[in-house]
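Here the chain labels run A, B, C, D, E, F, G and H in written order, and each chain numbers its own residues starting at 1.
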Amino acid sequence: MAEKLLKKGNEAIALAAIRYGADGYFGYPITPQSEVMETLMEEMPWETTGMVVLQAESETSSINMLYGGACCGKKVMTSSSSPGISLMCEGMSYMAGAELPCLVVDVIRGGPGLGTIQPAQGDYFQAVKGGGHGDYKIIVLAPASVQEMYDFVGLGFDLAFKYRNPVMILSDGAIGQMMEKVELREPVRRLTNQEIAEKYGHWATLGKPASRNGNIISSLSLAASEMEAINLRLQAKYQKMRENEVRFEKNMCEDAEYMLVAFGSSARICEGTLEKARSKGIRMGLLRPITLFPFPEKAIQEMLSQLKGIMSVELNAGQMVEDVRLAVNGAVPVEFYGRMGGSLFSPEEVFEAFAKKFNL
Amino acid sequence: MAEKLLKKGNEAIALAAIRYGADGYFGYPITPQSEVMETLMEEMPWETTGMVVLQAESETSSINMLYGGACCGKKVMTSSSSPGISLMCEGMSYMAGAELPCLVVDVIRGGPGLGTIQPAQGDYFQAVKGGGHGDYKIIVLAPASVQEMYDFVGLGFDLAFKYRNPVMILSDGAIGQMMEKVELREPVRRLTNQEIAEKYGHWATLGKPASRNGNIISSLSLAASEMEAINLRLQAKYQKMRENEVRFEKNMCEDAEYMLVAFGSSARICEGTLEKARSKGIRMGLLRPITLFPFPEKAIQEMLSQLKGIMSVELNAGQMVEDVRLAVNGAVPVEFYGRMGGSLFSPEEVFEAFAKKFNL
Amino acid sequence: MKEELIIAGFGGQGVLSMGKILAYSGIMEDKEVTWMPSYGPEMRGGTANVTVIISDKRISSPILQWCDTAIVLNQQSMDKFEPMVKKGGLLLYDPNGISRHPVRKDIKVCSIAAADLSNRMEMSKAFNMVVLGAYLKMKPILQKDNVIKGLKKSLPERYHDLIPMNEKAIELGMKEVKEVI
Amino acid sequence: MKEELIIAGFGGQGVLSMGKILAYSGIMEDKEVTWMPSYGPEMRGGTANVTVIISDKRISSPILQWCDTAIVLNQQSMDKFEPMVKKGGLLLYDPNGISRHPVRKDIKVCSIAAADLSNRMEMSKAFNMVVLGAYLKMKPILQKDNVIKGLKKSLPERYHDLIPMNEKAIELGMKEVKEVI
Amino acid sequence: MAFKGAIVVDIEKCKGCSVCVVNCPTQTIALAKKVNSKGYPYSYMENPDNCTGCGNCATVCPDSVITVYRVKI
Amino acid sequence: MAFKGAIVVDIEKCKGCSVCVVNCPTQTIALAKKVNSKGYPYSYMENPDNCTGCGNCATVCPDSVITVYRVKI
Amino acid sequence: MDIKDIIKPENLVYSKSKVLTDTVMHYCPGCSHGVVHKILAEVIEEMGIQDKTIGVSPVGCAVFAYKYINIDWQQAAHGRAPALATATKRLYPDKYVVAYQGDGDLASIGTAEIMHACNRGENIVVIFINNAIYGMTGGQMAPTTLLGMKTATTPYGRRADLNGYPLKITELIAQLEGTCYVTRQSVQNPGSVRKAKKAIRKAFENSALKKGTSFVEIVSACNSNWKMTPVQANKWMEENMFPFYPLGDIKDR
Amino acid sequence: MDIKDIIKPENLVYSKSKVLTDTVMHYCPGCSHGVVHKILAEVIEEMGIQDKTIGVSPVGCAVFAYKYINIDWQQAAHGRAPALATATKRLYPDKYVVAYQGDGDLASIGTAEIMHACNRGENIVVIFINNAIYGMTGGQMAPTTLLGMKTATTPYGRRADLNGYPLKITELIAQLEGTCYVTRQSVQNPGSVRKAKKAIRKAFENSALKKGTSFVEIVSACNSNWKMTPVQANKWMEENMFPFYPLGDIKDR
């Protein structure tokens, strides 16, 4: 069995990056995720796997470094926290538009503005509805443990390359800063330049061999009809993601009459609420979306016939609840409980809110 | 009667800025809205009203100039188009967090990425769900004519100061570039520094008189509890906006069995669809949200009992339709028709789509 | 009254300003107008076109699928806009540089050798006004003095001395336009 | 078994690393653990605290409303965490710098003069290990040799020569902890 | 040693910018009175005898539409 | 002309950084063995007789906790 | 003479500026930020412009400058203080506007904003705290970090090939047409503090004269992240920072 | 001798580079971009590195460079080309990476990116087209616009007090430790074109030698937005731009 280490979520991201064969990390310090780059710098992967680690001059630059690296068919990633992610909105839209794979980790802190450095989930909309301009989608993975922080780096890269699309790990200060047991998986080695040329040479900018014309990575198309065609292609791709990539976890849902929907650290806390409810004889279940886009709407819909009510529990003012409501489409009451600005709720507090909303 | 001029939407914004007593414009060129700054520079308002007009080094800088100007209780504004607005996401979140009034004009072009310069409405989510991080809302006004481009500058500033919150005019290349008749309203003069001190001296940074301690404009609060309190205050404010500031226009809705929902240039085009439908004896209505946030959900809900179906018509892949569905909550079928990437639809095309969706 | 019109040609032929003058002239007669350009490729050269609608009533869509009139000043525009003219509508073109002449029989086709004429009369800057004259002759939807007023409104003051020349050009166009049979 | 523990004091007292050693020791016994800091004020000084949970079963929430044990190393932490200890739980504190001593009667209160002791024994760097020893004496949830293993895992190799000293400090703490009546 | 030269202009791609005209040391080139299908007057050897094949015109042509030939004489 | 001086340290706000200590030209200042409620040893006049009231300590104190008095003697 | 006879109001020669608030600063013991705050407050007090000065605080350890200096403050986004200051000054040409920035804020993420504000010659004062590190976020490399210097993101020392060169942004700024006064100072001993204070005063005076942008760099110590005592840090700064970032006026016109 | 006897394959002395595509460039007649594209293509052809060169095109008139030069291209967001180039070169140290940028792109919105890439000494080639204007968006003021120059956003001429000073960013870049070669060239006549080409070649050679960043400014004309004929524009450039932006090597090591 692989060694079990005690690591912060942020550290796990860094260790996973090296072990999943990332080619490049480009980032800029910001609390509560600076340990990602710090751990990478400490590990010096450029001396072992050859991975490049670079502190950029800003988040704007970081995301555009990803753009360049992704153009070359390399596995590139960055990490940041809320304000830094906002500075990446233009770049994310470009990468989605140019169909480039990359991994962006957002360790959310309380907003808006400079806000606070405490954990929050207030960037759900930004991640899922698109902070940048235009119709684009990125795959959003929401880990609820340090092990998932580690594992989703691998999953994230796989999905990014499968769809040639940015993937985001949407975490928060609680999971980034928390230490837990983490099992390091079997390392995956970096692709050689030769392998990259074979796999991605038909689109990536690797230097044009005599056998083909120059590859061009661009999100520009002055003719509206061409741009529309590009958008249709993108939408078809997003539809494929909806069909194939939905991930979620159901907890005690078999006989549930009430269901909490929560992701990431909220879901973690809601596990406690679940225990509490069950101990009181309330048939509660918990659905934890792992992919926030694509959203597990079918999984919710399949539950509707047995449910009396749903409560979305989030560390924000009510964001994912809109996707829950869109899935439910009026079939059962959907309530919301949340806290904001870096304040966490306890399992008990969630239970009380739940009991109140549903008069139990 | 005031003089009627033939002006582009972008020019109307500039003329309105001067005539509604704006204190400062800070912007960066980008098609299809560069005429806003160009017209201002041509008009040289600094020689007449004293308005400052400055070409910033970037959109990032523009929005932060707004931040500074707004801190001083001044009426400040910028304009840009999709990629430029993405660069403003961090700044918008800061301004919302620090509760600062300003006016941002987004003349949308087709995205994602560099996209195209043709008109589109693909930035609805960005404007309404929040491109920046954290739980914040901005008031979003969607003009459908050049006259409204002009008028909403005044309305926008009024709302911005009423709520100390950013306001966005969400327009697109079609309305920005189109010329129409525009009536210049009675000019409103700029406030004097004395007046600003009286009105906003309790919060604005105007230099601290001996009578009070320094005013501080900040969106930071390291203590989660304080940050939560700020968020609660913000949410209460947004609730007030929902109660008091919803604006919309109903067209032939009295007896409507079917309703189109469309904003801005789409709504304009849908007026043609409406004529067409009525000419065929179909009882169609059109609801045009003027405020996208706050969204006219009650106005939609009030129609539900008489409707057989709703179609949201947008120049995107389906964004506002989510807010329509949230309002409708399953009560009647909600369909969507849209085009993307700068391609416009014609009234006829919309009618055909409508007829097909509802088997008419 | 409602006139839906497209003017199309090379950038630099004055297509946009011709449309603007027309639209302003409409305002002079207190009509509703819209003027919608195929706006700036953030890019050089190429073609330019503008859609102008003049109407007694509120104008819904400022963009058109079909038009009452197409004024066409180069080959690409001919290819693109001839099919868009409504049955019974008008196609006006300058034969200069046109290699494939219009083929439709269900519309009225007129020609004005504006490039040639304006060059010969040494007022090549008023080329587009010759075309405008030709159009107004075929579709007298606006009174000429209102057109002159519209011209004044759309020209910056410093160019007002050019108005007589432009007026002459309009008259020339009115005189020289020919219906093609 | 499930132990929910909060350790709180000034930044620099080794609060976080004490928690880390405990958590690692839990892993050595193949238990589930979480370690959750009151993380970095992007800001200097002030207090620090960490929540450690050690359990036989999957841990749901890593944050606590109440705890089984609070280890308290300054006055602010006393004020904040004394009320959070569950009835029958443990409050362990170092009286150094404490002006208001604990008042609750429904919990077990212990004291360890760790600052004083470690200073006197000239191992002030192992101050937190003295506290750890005291804790382990009162709550023997983990075997001492597993704690030493945890210590090893959480210290970078280059500090492994300090382990004997730390072990001594733990023993000292075990010996000197006192129940306050 | 003297040279004689000649140039070939890709007429359809020439944009009539005149940059070659003013940079020809031997006044070989001029713009045609006619225009190509894009509406540009194109450059041509008005005085072909002057051309020395020095290549200056091609060197400065922004659209790379000039090909140069040269023989020793 | 000679001076005699004295300083008053706001003990609760002193952070014990020692910057005043090393910048006092007359070795007047030292850090106390005791700590304030924030846990910092605070500065005080160990050799009050030395003080000339030159103000150097106050000038360099990052926390502005030193007040200086001086008399001519 | 007894101490009590000396400590009398009439003998007071130095006390905390009235422009400083009573709030205890959150800075680490011995941090240079505190000293700069003090002299900035003193200049404002001495010039009698507390009611006319608007400060812009950065994202960095000085983010809370607004708690300590009792003037009106705007808290800017990371790197953007010059943009806020630009608008403020253009909208209120008669006020004094001072942007206070760290080296990560000014010389990394905010490079474009500072260069262009200075190039436009905005009549503002910029105070630039160069401590060669990202203080607030826990000691990562800054653009000004010296070669070989260990930080959280250069744990084995900064290497030019991996991490780039230390950036002398002040020298670049001195070459911009819009700046009228560019100087590099420090605050580690009484003499340097006095000089730095004079420089800040001059910067404010230039602002009133509308001469352009005045830029005052303060080479500073961040003992916490350098992992030294305050006294060691000041010494290390003198020995290692000053040779690379020499003190003195770079431009004065 | 008859022309037909001259125009024979064996007498060919100059023809379009094979690295250029056959696509007609969208540039205005006489635009400097076209000339620079040509010599860039020639250098790539002559060095035989078409298969090893990766271009990064900007947002600006040169956005479509990828249609004209037949190499692999990345189209960057406005101002960010140096960031793309940095990552590309670091991930493929054996390729040649060239960032092609306009003055708005490089010296305004992208100031931070270019300064930091150059300061890190990325082994890339930067070609900087300084035409003192925003070409693509229709002639607004650029940072490099001369004082008095009329643009769409300075319709009455650039004024230092309102619009700031023209920025000599190349001189600043020359001072960054990471740059090895910084030069200013032009392409308005045969001699200048040849020199500019040599400079570009040297820049590519430096890249192979891993000497750091090579930066080639080309003072250029935008006749359309300057509202002149191409020939007038070149002349105006010589008379007005060159005195302020003098040609020649600024740094070569």
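We adopt the following convention: contacts are C-beta pairs under 8 Å (C-beta built on N, C-alpha and C of every residue); 3 or more make two chains touch, one makes a residue touch a chain.
Quick caveat, the model's predicted, so the values are computed rather than measured.
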{"item": "Length of the shortest touching-chain route, chain C through to chain E", "value": "1"}
{"item": "Between chain B and chain F, the fewest steps along chains that touch one another", "value": "2"}
{"item": "Chain-chain pair with the highest tally of contacting C-beta pairs", "value": "A-B"}
{"item": "For chain A paired with chain C, centre-to-centre distance based on mean C-alpha positions, whole Å", "value": "54"}
{"item": "Mean-CA-position distance for chain H and chain A (Å)", "value": "39"}
{"item": "Centre-to-centre distance between chain D and chain A (centres being mean Cα positions), rounded to whole Å", "value": "34"}
{"item": "Chain C and chain D: spacing of chain centres that average the CA atoms, whole Å", "value": "85"}
{"item": "Two or more partner chains touched - positions in chain C", "value": "40-43, 45"}
{"item": "Chain H, residues touching no fewer than two other chains", "value": "27-28, 31, 63, 75, 77, 108-109, 111-112, 116, 137-138, 143, 163"}
{"item": "Where chain B touches two or more other chains, by residue", "value": "31, 54, 57-58, 60, 83, 90, 94, 98, 113-114, 117, 218-220, 222, 344"}
{"item": "Of all residues in chain G, those that touch chain F in their complex", "value": "1, 3, 5-8, 11-17, 20, 24-25, 27-35, 38, 187-190, 193-194, 229-231, 234"}
{"item": "Chain H contact footprint on chain B (complex, rising order)", "value": "28-31, 34, 37-38, 41-42, 44, 46, 54-55, 57-60, 83, 113-114"}
{"item": "Residues of chain H defined as touching chain B within the complex", "value": "59, 63, 75, 77-79, 104, 108-109, 111, 134, 137-138, 140-141, 143, 152-156, 162-163"}
{"item": "Residue ranges of chain G in contact with chain B within the complex", "value": "21, 50-54, 56, 63, 66-67, 69-77, 80, 83-88, 90-92, 95, 112-113, 115-116"}
{"item": "Residue ranges of chain E in contact with chain H within the complex", "value": "4-6, 8, 13, 15-19, 21-23, 40, 45, 48, 53-56, 58-71, 73"}
